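Look at the two complexes coming up: chain A is in both, with chain B in one and chain C in the other.
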Partner chain A sequence: MGDIMKLLWKALPTLVRSIFYQANWNIENMQGTGFSWLLKDLSKRFNIGVGDIKGNERADYFNTNPYFVTFMLGMFLKEAESGKAVDQYKSTYASVFGALGDTFFWHSLRPLTFFLSLFIALYEPMFAMFFYLIFFNIFNIGFKFLGFYLGYNYGTNVIELFRTVSFANWSNVADIASIFFMGGTLAITIKYISNSEAINSISIFKTAIFFIAGFATSKYVSAPFTLIIGVMIVTVVMLLQNI
Partner chain B sequence: MSLTHGILLFFLSGFASLDRVAGINIMLSRPIVISSIIGIAFDQMLICILLGAIFEFIGMLEVPVGTVILKDDSFAGYSSSVLISLGAISHNNLSILLAIILVTLMIYPVTLTDIYCRKFNKLMITRAFHENKSNENSDSFLIRIGLLVSFIRGVVVYNLATLLIFLTLHNIDYFEKQEVSPIYYLVLLFILLTGCLFRFLNGELFIKLIFLIVGFIASWVIL
Partner chain C sequence: MERIIFRVDDRFIHGQVIEGWINHFSIKNIILVNDCIATDLNKAFIYKSTMPRNAKLEVISVDSFLQLDILNEYKKGYLLIIVGSIHDLKLISSNIPKENSYINIGCLATGTRDISVTDNCFINKDELDCLINISEKNSKNIYAHKLPWEKPINLKDIHDTQIKTIKMKG
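Presenting the complex of A and B:
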């Protein structure tokens, strides 16, 4: 435990820096500038030649999920300390971490956090925002710090670890949980919120129709236009109610 | 709106853009979070959360893979909550639905500025390559400038776009009461679209301009 803390403490400034590494994100080298910036900082703190190895060039293309970049840093440090040419793995690992991170964080964790927050918001709106930030950032900070340690500890074998913990399935589990809370949120909305004095009640039938309409339109049009079509449908419903 | 509210919106718009474009990524930029903060500040909690939740869906339906630049749902959450909090949206059904349509449409030009930010970053890095700057200070400068540009983008673009929607809603409300003929607006729209077509048609800009002016003057005098 002491070793982990020592390693993380030494790398702390670089890990803090990693929250800004995307600032130069561009269509030329994507996150290449930021990653090179992080590696130079890391090499300085660990007195190793990471700054000299190939693959540390700012011009190099680099793109991964921002929550997984510290895995790469730990891996680079480990490989550089053992004198291996890590550069050849760079794009492969960046792509793998990119795919894993995008699927888990962007595709699944955001909806799960959202529905959990909304569930809380229905009872106590004030807590929803805090819950959203805390819940999501537990994973964010956890992956940042633990990721560096695991990357350093396992080196290029770190992918095996993801296979061991069935990380690819985490996304499926999160999606199922999101759907569960989606159902819960809809139920509470219809049962309590829509029966409040402020609005006319929304029946289960109407909910089902709107849900199916959303499901159908999302297949053919992008999200913003789904919303515009949704607004149009709502205005038609309003019109019919006033006839 | 008090000075405290103004300062809050200044920093919130800046940090929301920073969080989604340049770094941090603590999810401050999520519509549900932004809307909740504005809802707390302006005491409009429930309606702001609902607006935030609606625009949150837009973000959740897209995944930022590779070079994909997502529709700026942070702006949508920010703008709709500010509009309702400042009273630009009256509490009637049509007003809020119209506001949602306007905010949703405004997402597109706002997202375009995100693309320009990326292009600016590319320009900066290309210039650094040409000048053969490869030291750490140069990297730090590029990162810092990227953060600053994202922050400024949020403050300027989010608030300008919100102001534009505010004025549109205000004008619609005003002219509805004035009972101005719809032909007036149709003619204005017609003029605007002729400008679009003028750009689309072939020919040197200068030549096109000359023919346009000659045609305009001739018709004005003769007819």
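Presenting the complex of A and C:
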């Protein structure tokens, strides 16, 4: 445990930087400049010569899921320390982490967070707002820190770990949970409507439209904006019940 | 969408391919055609690890693909065939079925390419000519779009625009 903390503490500034590494995203090399910036910083902190980490000298084309970039940093560090050429796996792992990350974070976790927050918002709207940020960022920050350690620990064999934990299926579990909370929220809302007015096709249709809009929004817009829209939708739904 | 989808993508398998194509069409059979990856078991294993449940990825060389009888071996459901470059597409073009097939250009990084098709698809003049050649030989249009629900860009339109520009400059 001490070694993990020591490693993460030493890499902390680079890991914090990884939050901003997409700031220079461009169509020329996508995240290449940002990744090169992270590698340079990492090589400085771990006293590895810049030349020891291939791909560091120039900002090559690079694009992956931003939540998985620290896995690659850890992997690069491990392989650079053991003198192996990791750069031949750079594009492979970038694509693969892009696939795994997009499926889990964008397709599944974001809607799940939205529905969980929506469910909570029915009772505690203010807490739901904070819950959204906390829940999503547990995964965000967790993957950033733990990812660096796992990348360093497993090196280019890190994909074995993803197979062991069946990571490709996590999104299915998240999807099932999303549907469960969507159903739960819908049921509670309809119950709420029935207490304030007679259930009719218009009220159910009205509620369904809001939920579809919320679901679609959570899939296509960025996380903080989703939070605002989500809370607004719930507020509007609740206000409409009182009209 | 036609049943057999050919996609040119220099990142091979990534988020857009998994979410946009494989999950969207519930594609169960995916073939990655690339000589380098077919001989590197580690890389092939890494790509296979990303596959969703029920989807099977085969990594084969260009020669192996040319010997494949696609229509008979994959009779049902969608089939996605991924190549990493327009050059590879040209190599396998003789095995593109005339019917039930669709050719899609996905991500191609800039590098020395100077024709921007989409925000992450760039080609050069030779590649464009090569695509038009494949298109004419197979009597089918080639479309560039990242995801199936995006508006497809017909490469022939890009080619015609290029010719017009050259004529105007001339």
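For the reader, a short list of remarks on this structure follows.
We adopt the following convention: the second predicted complex is superposed on the first by the 185 of 243 C-alpha atoms of A that agree within 3 Å, B and C clash if a C-alpha of one lies under 4 Å from a C-alpha of the other, contacts with A are read in each partner's own complex, and residues count from 1 in each chain.
To be clear about the criterion, a contact is a pair of C-beta atoms (placed from the backbone, for glycine too) under 8 Å apart; a residue touches a chain by one contact, two chains touch by 3 or more.
Note that this is a predicted model, so its numbers are computed, not measured.
Touch criterion met: A:93 reaches chain C, while chain B stays clear of it. Once the two complexes are laid over each other on the shared chain, residue contacts for A:121 go to chain B alone; chain C is not touched.
By the touch criterion defined above, A:12 lies against neither chain B nor chain C after alignment on the C-alpha atoms of chain A.
Judged by the touch definition given at the top, the superposed model places A:110 against chain B, while chain C stays out of reach. With both structures placed on the common chain, the touch criterion links A:34 to chain B but leaves chain C unconnected. Once the two complexes are laid over each other on the shared chain, residue contacts for A:169 go to chain C alone; chain B is not touched.
Touch criterion met: A:63 reaches chain B and chain C at once. A count of residues in chain A touched by chain B and by chain C gives the higher number to B. Once chain A of one complex is fitted onto chain A of the other, the partner contacts of A:134 are absent, as it touches neither chain B nor chain C. Legend: residue contacts after superposition of the two complexes on their common chain; A:159 is shown touching chain C, with no touch to chain B.
Where the contact sets of chain A with chain B and with chain C meet, they give residues 27-30, 63, 98, 102-103, 106-107.
Touching chain B in their complex are the following residues of chain A: 19-30, 33-34, 36-37, 40-41, 58-59, 63, 66-67, 98, 102-103, 106-107, 110-111, 113-114, 117-118, 121, 125-126, 128-129, 132-133, 136-137, 140, 218, 222-224, 226-228, 231, 234-235, 238. Considering their complex, residues 11-19, 23, 42-43, 45-47, 49-53, 109-111, 116, 119-120 of chain C touch chain A. By the touch criterion given at the top, residues 27-30, 61, 63, 65, 89, 91-96, 98-103, 106-107, 156, 159, 162-163, 168-169, 172 of chain A touch chain C in their complex. Put simply, chain B touches chain A in their complex at residues 21-28, 30, 32-33, 36-37, 39-40, 45-46, 49, 53-67, 71, 93-94, 97, 100-101, 104-105, 107-108, 118-119, 121-122, 124-126, 128-129, 134, 136, 139-140, 142-147, 150.
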